[in-house]
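Both of the next two complexes hold subunit A, though its partner changes from subunit B to subunit C.
Here is the complex of A and B:
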């Protein structure tokens, strides 16, 4: 394809091809600090393309393709090309990756132990992970957490964090502006701005962390902590996993082990400060 | 050299994987994924000297394919449990059959839907029993439903509501309206029992079906994979039975599929190096279009010849039904867009 880029996030080496220069330039800026290994073949391919040649210039709209394609996915305007690239990368990992069990969850780590947060979009899992990652935690990722079926360890997928709506201002107030991507206003997922993870989080992206705490956050409402049984955590995580069924028995064993060995809680919180306080409180007990 | 040619040469054993550069692998992996053959390649190169990242990816693919195959055979077992008590026997077709018979093309092969073949007079009962056992209709469109029932070689696809897996129930292997009418009774009557206990087509019929599916019915989507099936099965069957090619000729004639089977054999020789006996080992000028269609992928996994792709699509419909019916069908489909 005309414009191309190679990006390695966690264990996945991507190659991204685009009919336009803009999305690739935007990605190149976000991922400039990530390790580059030209000797490594790409495991996943993302294509950003115009459905008809003239749509490169005339009302340009970006279709998302690659190894795996969602048949009826709607294209995005070129101004949201970066979001298209992000969705394309997520799609290839969600549908193609088999080495680990994939959880749609954010994660942070401390002292080699991981806190995993799973929830729908809007639950605040990305924002909490981003905020913790600016403190004394290592950000492992805001979208996917990878569980090694053999050893049970969590592996990081620290792509650029996708900040949404109110979270943008909250994070922008704390970080150097050079770590933020362009504002993508009024996308189908709301306003979006990407945060480049800290250098140390990127440098440590191949280091595993053993799961120590599972949280199911819910943004909004009174502060509350609800201990969660193994059964409920198991069912919720099967729903949060994109390849649980495809992994078969290995997926079942990995997930069973995860919920048996890791304390789990549902938490509600009215604002980020309260959420962070809950996390630290539960971590202090879990990490004892 | 283009990635798709490198990919085919790797499968055919004509190229040393150790000599590939990292950027060659990008294209090969991309093409293999587009053809749903990455795990097939992973098995083919299981013993090869590979870059560590490729070796790790291939190990993932082999493990995942093993799980997928087990799930596909479980699905076949579910169909057996739904149908056997009523005395309905079925023959497994395509991917699940290759897995049940533990054939070499099954190694890493993607298995999509469960395809089964039953006798035409059992088709209604089969449908009712499957509905009772938890399968349900996928297509809600009345035209499509009626079209399948009147003209196709299979029931409209059904999906199991709990396991989310599709089943295609065939009563023959080409559409009723197709110019060629294979002998469905002979296909079922002469089926054999596989190592996993399921009935599968006999070796000659299996290659006939493979060729029919690829060349007489399909538009060559997934052609490289179907051709790989054809190559490995004919190679192995011929190694086990010196009379195999002769039997294949006879069965192909019985089903009216000689053209498709011979073309599949020639293409399989051209791409993967199948050794053909005399009488089969010919040249046919029109094969060039089929080879071009099979190789029509760029290094990013995209189809490169949209006009040729379209031409093969039209060809598949042209073979499937008489011209007046085709016109009516396309008109109805177009109006519903």
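Here is the complex of A and C:
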């Protein structure tokens, strides 16, 4: 492919190839502060390619490919090439990674201990993690959290945070504009703007943190805290893991250990301030 | 309905982890995870390596739990055995 880039996010070394310069340039800007080691072998390959050669010029549309391909993934217009690249990176990790158990969850850490937040799109887990990461927490990731099957530690995957819709203004009001990517308006996932994690979060991306608290946030509704039993947390996390089945018994062992050793709660909150207050309250108890 | 005889999966085929009210069972042969509630783990535990039917199980479980004189127990156990067989955790002996 004519435009290439390597990016290391946590333990994953990506090799990205694109028919167009724009998505690669946008990625290079978002990931400029990440450690570069081009000699390291790539673990995941993402390809953004034109469906037909002339499509590179005429109404260009970006197809996502790589080691794993979802046959019905929509091509996106070139203006959303950055989103296509992000989706491609997520896909390769979600389907291909085997070294850790992969949870579709955000995570932040403090004093070597991790808070893991799992939820559907729209639960607010990304926004909460991003906001906490601007305070005295280390952002570990807004989308994936990796669990080491052997020791149970959480490992970070601090890709550029994908801020959506209302979260964009909320975060933009707090950070230097140089840490924000271009606004991708009206994508299939709504408006999207990427946030470059803080330098200290990127520098610490290889440091493990032991899970201390599991939260299942739900944005909207009255403030509420609901303790969650080990069984329910186990079921929810098998659903939130993209490679639980592929890991076999190692995944089973990692997940039973995680839910046994880590207190879990469902939380509902009407706004981010209330959500953060709940997090700090539960953390104060869990981290004792 | 005939009281069918079943045999539990070999002990080294299953990894059983109680998680509060649920019990997670990993079947090493199929790589499947099963989530069950009481009395499934108790039934598997009581079967051991022997072939047994619902009547045998009722006797064994009565010794461990307070089941005396309950006529409903045997048909319920027969039904649960059928469900365990559908999950592949026991098989017809």
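Here is the rule we go by: the second predicted complex is superposed on the first by the 288 of 288 C-alpha atoms of A that agree within 3 Å, B and C clash if a C-alpha of one lies under 4 Å from a C-alpha of the other, contacts with A are read in each partner's own complex, and residues count from 1 in each chain.
Here is the rule we use: contacts are C-beta pairs under 8 Å (C-beta built on N, C-alpha and C of every residue); 3 or more make two chains touch, one makes a residue touch a chain.
Just so it is clear, the structure is predicted and the values come from calculations on it, not from any experiment.
J.: Looking at A:219, would you say it contacts subunit B, subunit C, both, or neither? Reply first, second, both or neither.
T.: After superposing on A, A:219 lies clear of both subunit B and subunit C.
J.: Output check: A:248 vs subunit B and subunit C. Expected answer is one of first, second, both, neither. What do you get?
T.: both
J.: Should A:15 be classified as contacting the first partner (subunit B), the second (subunit C), both, or neither?
T.: After superposing on A, A:15 lies in contact with subunit B but is clear of subunit C.
J.: Considering only the touch criterion stated at the top, classify A:40 as touching first (subunit B), second (subunit C), both, or neither.
T.: first
J.: Looking at A:256, would you say it contacts subunit B, subunit C, both, or neither? Reply first, second, both or neither.
T.: Touch status of A:256: second partner only.
J.: So, A:99: does it touch subunit B (first), subunit C (second), both, or neither?
T.: In the superposition, A:99 contacts subunit B only.
J.: Name the contact category of A:265: first (subunit B only), second (subunit C only), both, or neither.
T.: Touch status of A:265: no partner.
J.: Regarding the shared-chain residue A:230, is it in contact with subunit B (first), subunit C (second), both, or neither?
T.: A:230 sits against subunit C, while subunit B stays out of touch.
J.: Which subunit A residues contact subunit B in one complex and subunit C in the other?
T.: 248-249
J.: In their shared complex, at which residues does subunit B touch subunit A?
T.: These residues of subunit B touch subunit A: 22-23, 25-26, 29-30, 33-34, 51, 53-54, 56-57, 60-61, 63-64, 67-68, 70-71, 300-302.
J.: Subunit A touches which residues of subunit C in the complex?
T.: Listed in rising order, the residues of subunit C that touch subunit A are 15, 17, 19-22, 24, 26, 28, 31, 33, 35.
J.: Which residues, counting only subunit A, touch subunit C once they are in their complex?
T.: 229-232, 234-235, 238, 245, 248-249, 252-253, 256, 259-260
J.: Inside the complex, what are the residues of subunit A that reach subunit B?
T.: Touching subunit B: residues 1, 13, 15, 17, 38-43, 45, 47, 65-68, 96-99, 246-250 of subunit A.
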